[in-house]
Amino acid sequence: MHQDPRPAPEFQVSAWLHAPEPPTLAALRGRVVVALAFQMLCPGCVQYALPQLLRVRRAFHRDHVAVLALHTVFEHHAANSRATLEAFAHEYRLDIPIGIDAPDRAGGALPRTMAAYAMEGTPTLLLIDRAGRLRRQAFGHVEDLVLGADIALLTAERDAQVAVPPASSRDAAGPGATCRIA
Amino acid sequence: MHQDPRPAPEFQVSAWLHAPEPPTLAALRGRVVVALAFQMLCPGCVQYALPQLLRVRRAFHRDHVAVLALHTVFEHHAANSRATLEAFAHEYRLDIPIGIDAPDRAGGALPRTMAAYAMEGTPTLLLIDRAGRLRRQAFGHVEDLVLGADIALLTAERDAQVAVPPASSRDAAGPGATCRIA
Amino acid sequence: MHQDPRPAPEFQVSAWLHAPEPPTLAALRGRVVVALAFQMLCPGCVQYALPQLLRVRRAFHRDHVAVLALHTVFEHHAANSRATLEAFAHEYRLDIPIGIDAPDRAGGALPRTMAAYAMEGTPTLLLIDRAGRLRRQAFGHVEDLVLGADIALLTAERDAQVAVPPASSRDAAGPGATCRIA
Amino acid sequence: MHQDPRPAPEFQVSAWLHAPEPPTLAALRGRVVVALAFQMLCPGCVQYALPQLLRVRRAFHRDHVAVLALHTVFEHHAANSRATLEAFAHEYRLDIPIGIDAPDRAGGALPRTMAAYAMEGTPTLLLIDRAGRLRRQAFGHVEDLVLGADIALLTAERDAQVAVPPASSRDAAGPGATCRIA
């Protein structure tokens, strides 16, 4: 994980699905946040990363770990309407909050949250600690064992101090079926 | 994990493979121990549990987590000689310490370590904390996410106190391809 | 396979992707046709049936076996535009002809080819022999071994007679992640 | 498949498991024979080839396709006794005839059937036609789709003539977890 964590930039979304209250980072303070940036038309997201996110959802207590997704569209914008996202979420049973990353104000292809985190593409996984700091940002595939370990270590940090060094020896995401920003 | 952990019984093995020094629990004190009880002729061990054990081996630092296997034969004794085990370990590239569970002194089918832990069959996974206490014993399949979380939480216990409640919400091993003691 | 095959109804598509010439059944006469009816938002199609179709594409000679897909949308019509389909085909590397099933003339939800074949939902696999007769229609998952056998047997029918009884003992598609017409 | 098939050498086995009558090639004449040469301590055999053989067993009618295994031990002989094989077959539910390849008369490591077929190692799959001719010999992994097609084409050869050219475009076995003869 990041040795010198910085505050995670607040999500900039134009709308939330499956969220009565917007799950802002401010509102989630005190819990570990696992957020997946994905696109509907990204094979690596659909075949690996989203199923993994649902496994994370089942494996950890909601009181400790908040799980959400961000629809970060940087290509094929016309094919990624909110109506399509709602149909997609319904068919894939994504019963977690999904934020629609807000479009660039200057009309660029990259949405705002994606730009704020300087993401390389999708899927990108964000791990944010109880104090709201970005502790890991991984582009591509992350092993379940390593992800489970990293999330658990963040839950074990009670005092919002960075007290525990990472136990996992491999931090880099391996090569996966990713959609990279050109 | 176990809410009221007891000291893990010392391994009773007749010989160790791949271990210059016997990795007794006494010698491993201070590290988390992940031990898998298996049999060569147990399909669930060969197809799921041993590959998972090797993933654990790669995912965690050796300074924090010791990984080993116990060959706990309770059936087909004639087919499970030491020579066969050595050939098996070679072919499956099991480059971890493997202890041969010592036979019952009274001539019973159940070997001694298996009896001391009251195991139900194979595969059985043992998680032992830095203070040498048995914190989880799972018969059958355990999800990688949950296993990674449980191991990581044990590594985070610095003072050998049971300070951190389990983060994983599902502790029970699911039904797997297990070999159950009749 | 069907013991009493009937002529396969001609595809009724509003447009073809990746097809310089429309691959009508009339034009494909003399070759075995493997056609998959799918929807972009059908998880079983995306995760199992389309990858299998690409395996079929690689496994058989083009001179003997024509492989194509039909986008048979019966739900979420707004989310399934041609532009979205083109983006989807690009991202999933579907370099095979894809026909867009023509909408119902009376404004119903079921497109025309889907209705002509009385499909139950998606994914549905059609096997059509060299003489243009429908020999198998399977809703849901079909095993690779059985599918390979069925296609091969159709290629072996040289004289357009139904000369060869099916070798595979299991014809029924197993339960899969299907999208069923309500 | 082989363009110029030769008669398949008769199996030379010292004993058969699960076979009231020895399934010699002479006795199986008239049926397609799918035979897998394997070793218990060969990971590629245990994890891929034997499960595939059982799928073949289920997919084809017994009247048309005979499925059997050959235990062709060329290394770790001491670990591969008949008693161990019986335990292995029991645990892995291999309810098919298993022939124990007869040891070399001159005391060499290579058993007789393995030598007669000039096998490179395990797993090796043999496809023998209704007329007793060797039509395919594949060392390593074979895709289910291609295997299903090849078996089906052999079943379609009614007159014991080589009437049907292979439909599958890829004949070479891909790289798998094989045990190669040194």
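As written, the chains take the letters A, B, C and D, and residue 1 is the first residue of each chain.
Keep this in mind: contacts are C-beta pairs under 8 Å (C-beta built on N, C-alpha and C of every residue); 3 or more make two chains touch, one makes a residue touch a chain.
Keep in mind it's a predicted model, so treat the numbers as computed, not measured.
What are the mutual neighbours of chain C and chain D in this structure?
none
Provide the labels of all chains in contact with chain A and in contact with chain C.
none
Where centres are the averaged C-alpha coordinates, which chain has the largest centre distance to chain A?
D
Taking the mean of the CA coordinates per chain, how far is chain B from chain D in Å?
Distance between chain centres: 36 Å.
Roughly how far is chain A from chain B, going centre to centre by Cα mean, in whole Å?
Centres of chain A and chain B (C-alpha means) sit 34 Å apart.
I'd like to verify one number: the distance from the centre of chain A to the centre of chain D, where each centre is the average of its C-alpha atoms, in whole angstrom.
Here the centre of chain D sits 49 Å away from the centre of chain A.
By the touch rule stated above, which residues of chain C touch at least two different other chains?
Expected reply: no residues.
Work through the pairs of chains, note which ones touch, and then classify the graph as line, ring, star, complete or other.
Drawn as a graph, the chains make one closed cycle, so a ring.
Would you please name all pairs of chains that touch?
Pairs flagged as touching, ordered by label: A-B, A-C, B-D, C-D.
Which residues of chain D touch chain B in the complex?
It is residues 41-43, 46-47, 75-76, 78-79, 81, 83-84, 87-88, 91-92, 179 of chain D that touch chain B.
Any idea which chain A residues touch chain B in the complex?
Residues 55-56, 58-61, 64-65, 143-153, 155-156, 164, 167-170.
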